[in-house]
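Both complexes below contain chain A, partnered by chain B and then by chain C.
Up next is the complex of A and B:
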């Protein structure tokens, strides 16, 4: 029989990992699968949380409506993000521009700029402090399972991540849209030659990714009851690490690595001071980059 | 910020034009504080309180020239704080400086002020080493050297033998742990757990589980209200029944807004209670609430008093107001009747403040006998 202490730590780690996974799914779809450098995903997550919080305080809708609203906001945020930070770089359709890495990677700065502007704007509107979340919306009612305690949010987040993961895998491998996404990511020029509407495919991916990001934002926000303008930064870093560990283009890989990350952080707290627990994520990133440049689950591909 | 500055400038200009006298130059005081970034809410509270105190002073006509406060945003970043300090030092019109918010930034900037001989009064820097930097550093907050032993004695009085201590990973957090642990061990208690967490940590559950494994009689914490609310909520979620204690830094009405029922039962030390019957406190709380739409916590109150002490020093030294005379006037501060208690600076430029015990009961901070 395992000491209930370790059991509890594992359960906490698992739920921590699930919150990272939730973020990592949308992040990996845009950054990894579509192969577009995007550093504004954390702000989509924040916007999803803030917009839903405004809705909650204004009309107090049922929980499901909040999630649906977050999805709609996410779609809008994803679409606008693509318009502002990515589309301008696809103005030129000549072969040289399409093949240019500089052109493709310039979105690193444009997306970062959008993310900084969005964060500062939220801060101006709402202030930088943590927002009060109505308690009846928090998904943290404890549930006792023998010696360990989980909360309602664990089940909800698990269910939704599983749904997202299966849905996306289906979309990517079994549908025409998925095929175009993979084609565009593999070779934008080639995709254009064979008649794929590259613009539409990219917009579609951003809309889906944005929906997942915003849903993740409000779910994790309600899970912890913590909503503030800079809330997207740390999950963004963790999602990035999970994506790199998972091999960039593999969504299941990113999810598994996000869970590994959560588990290791929580178990690490037993042995080292919690002040150092963040080191685990960065340690994993370094180890992956040195020993598994293709990631743990990645296919071979030339990368940024 | 710019608008405020402009208004103040226009006011000063108008005064100049009206009399045409050089002597009407306003007396300037620098205030470095975080107005943007993660800790912006604290800095904004300071500015709100400072504005109230300043308007009151300028309207009182204690001295014939207006006083102006120049606000600079440090973002709670030590590098930024040092840059601002250099800027203030280079401006000959600035005779004294208020701020910064955190001990870390205040201490970084203090090095510049020490070399330039600029008096610095922080409303919140409570690290014991801050005032040891030079004779130019003052503060208007109790240090953990004072609060820690006070709490340790309180624990002993309550009969706790084994205590877990956790605080944020900052200069201040370390002083919380040191100040408390030293005395508690002298009193014959045992520290069974002692750790630090990174500010802004969202998930405390692993640490809380670890604390519970050490089976302490009570938990002593060094956090601010946001981390505090998360800690308390997750402790409740995990079914922790060990009593939780904290320092005056956790005192903020927002703690209860964020933590809800989970805050009930937390005990802490305070120097300022907005529910107090003191007419001074009542007037401050009422005006602040009316102007800014929220009740002030401990920190705006500290800033209100710090600015008041500073302005008193200006009034005392005028017309010979220089950095040197300001320093001496600050050092002579005696029995300043503020909203955070009566303040007198001792020979180490530390305020002697009276501490009181409080507890959260039914969603309110209540004074304990």
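Up next is the complex of A and C:
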């Protein structure tokens, strides 16, 4: 019989992993379409959390409205991010320069720069200390399931994330937008030849990624009850690790690896102090890069 | 490190013109800046000058691996931190003198860089960047959480004053001269590493490492060497930081610091050593100039970095113009045939 404490940790790990998965999907979609890593993704998470906190303190809306608002803000953040940090560097449209090394490095560094600007702007506006979430919005009412105690947040995070994952799957496989996203990530030039508006597809990818990231931000913010300007960095790195483990462009791979990461972290806290728990993710990353450079679920790639 | 990598001392066909700029720079570093700072007479300005020099060395060391060898390194601050902690712990707990801690910091940092480089050096492009990010974070977590050894978030206080050969150097001006001498010597070494036949080999890795491999360049070994050399100089910078500020804590060596150093190299121009120096001076001194406006240091770093990528993709002092400037002004390593025509780096 497993100790109920471990079951409890597993539930917490599962909901943690789901938030990493939401973040990792944003990374994976954008990497698939542009072949670049979006270092500003963690800031979308922070922006989602802060914008929702502002809404909560201003008008105290119902919970569902907060989530919808976070999604809208995330969409806006994704859109502006693409326009500011990525579009100016896409000067040429042929495939060679779209996926060229100079282009990759320029956008990587510009997204890093934009992420610094966004984080510091939030810090100037709100101060660097932690903001407390109003008590009635916290999603941590305990629920007793036999010997296991979980909180409502675990269920809500799991439910909303699962809903968004299903929605994403529907969008990618059953709609025109999803078809064009898949086409562009497969072959941008080919997509252009068959009449897909590549620029608009890239924007849509950022909008979808931004919605996922902002939703993860506000859910985690309400779960732990604290929101601060640097909150996006650690989940961003974890989601990034999940993406690399999953093989860079595989969405199911990224989701599975994100959940593995969340589970192993929450189990790790029971054995080692929480300060060292972040080591698990970096360890996973290094081991993956050394032994499975293609990622656990990735397609074959020429060189890594 | 400095005794290992002495530049070759073959007699160069040194013309008078080749000496003008180096002498001017030396005058600025060793006479003009101290004179100006003395006339201001505030200890704070000396501190800023030391920090600027330390970051010049950090940017120059990252220039070797990211600018010249083209490996995007996102964990440089961790090696800087290893150097600072080596020097800090040796000085505060073993009472080691300054002359021991500086080489010790370089050697320990180089050794750790060598160990982490063994498994990760065959990775390319973004995979390498991710691996260095993870390594940097792992070192940071060790500094933060290994409380019994590094004192964790409380940091390390270094009480022992600066002393070289029994001469007390803890006055601001003496500390500045000590830092300036070590940084200048390191920059000269980095200059000789990156503007030489060896530097050309590193540049070939950046342009096309498969092609370089096919031409007989030992790519894995060269990448490893560039990484270790760069880490050793970062270790020296860390030791200088520990001794000049007298206090180190893990938050001085986090990811934001790595990005700050990277921003210096990018703003100055990837692959350009003078660019890295200019970028470091700009990003350290600009926030100080804007101090009255408010706490805008970090946001300035972001804005300067973004604008320079957008408007000056080659950097403030791009590689091509930097190389031709170095050939003309510091060209003692530039080999000429008997007609005086340049043919390549020695």
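The rule is simple: the second predicted complex is superposed on the first by the 285 of 304 C-alpha atoms of A that agree within 3 Å, B and C clash if a C-alpha of one lies under 4 Å from a C-alpha of the other, contacts with A are read in each partner's own complex, and residues count from 1 in each chain.
Quick note on the criterion: a residue touches a chain if its C-beta (ideal position, glycine included) is under 8 Å from a C-beta of that chain, and two chains touch if they have at least 3 such contacts.
Everything quoted here is computed from the prediction, not taken from an experiment.
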(request) Identify whether chain B and chain C fit side by side or clash on chain A in the overlaid structures. (result) clash
(message) A:149 in the overlay: touching chain B, chain C, both, or neither? Say first, second, both or neither.
(response) first
(message) According to the stated criteria, A:10 is in contact with first (chain B), second (chain C), both, or neither; which is it?
(response) neither
(request) Would you check which partner chain A:224 touches, where first means chain B only, second means chain C only, and both and neither mean what they say? (result) first
(message) On the A-aligned overlay, A:132 touches which partner chain: chain B = first, chain C = second, or both, or neither?
(response) first
(message) Let me test your reading of the model: by the given contact rule, A:265 touches which partner, first (chain B), second (chain C), both or neither?
(response) first
(message) Just to be sure I read the superposition right, which of the two partners does A:273 touch: chain B = first, chain C = second, or both, or neither?
(response) both
(request) Check whether A:140 is in contact with chain B, with chain C, with both or with neither, and answer first, second, both or neither. (result) first
(message) After the superposition on A, what does A:55 contact: first (chain B), second (chain C), both or neither?
(response) neither
(request) Clash-wise, after the superposition, say which stretch of chain C runs into chain B: 55-63, 109-117, 127-135 or 145-153. (result) 145-153
(request) Identify the overlap between the chain B-contacting and the chain C-contacting residues of chain A. (result) 120, 123, 273, 275, 278
(message) With touch defined as at the start, can you tell me which chain A residues reach chain C in the complex?
(response) 37, 85, 88-89, 101, 104-106, 108-110, 112-117, 119-121, 123-124, 233, 237, 240-241, 244, 273, 275-276, 278-279, 282-283, 285-286, 289-290, 293, 303-304
(request) Report the residues of chain C in contact with chain A in the complex, numbered from low to high. (result) 72, 119-120, 123-127, 129-131, 133-135, 137-138, 141, 144-145, 255-256, 259, 262-263, 266, 294-296, 298-299, 301-303, 305-306, 309-310, 313
(request) Would you pull the chain A residues touching chain B in the complex into a rising list? (result) 5, 8-9, 12-13, 16, 120, 123, 127-130, 132, 135, 140, 142, 149, 151, 224-226, 228, 230, 234, 265-266, 269-270, 273-275, 277-278
(message) Which stretch or stretches of chain B touch chain A in the complex?
(response) 36-41, 44, 169, 195-198, 200-203, 205-207, 209-210, 213, 226, 229-230, 233, 237-239, 254, 257-258, 260-261
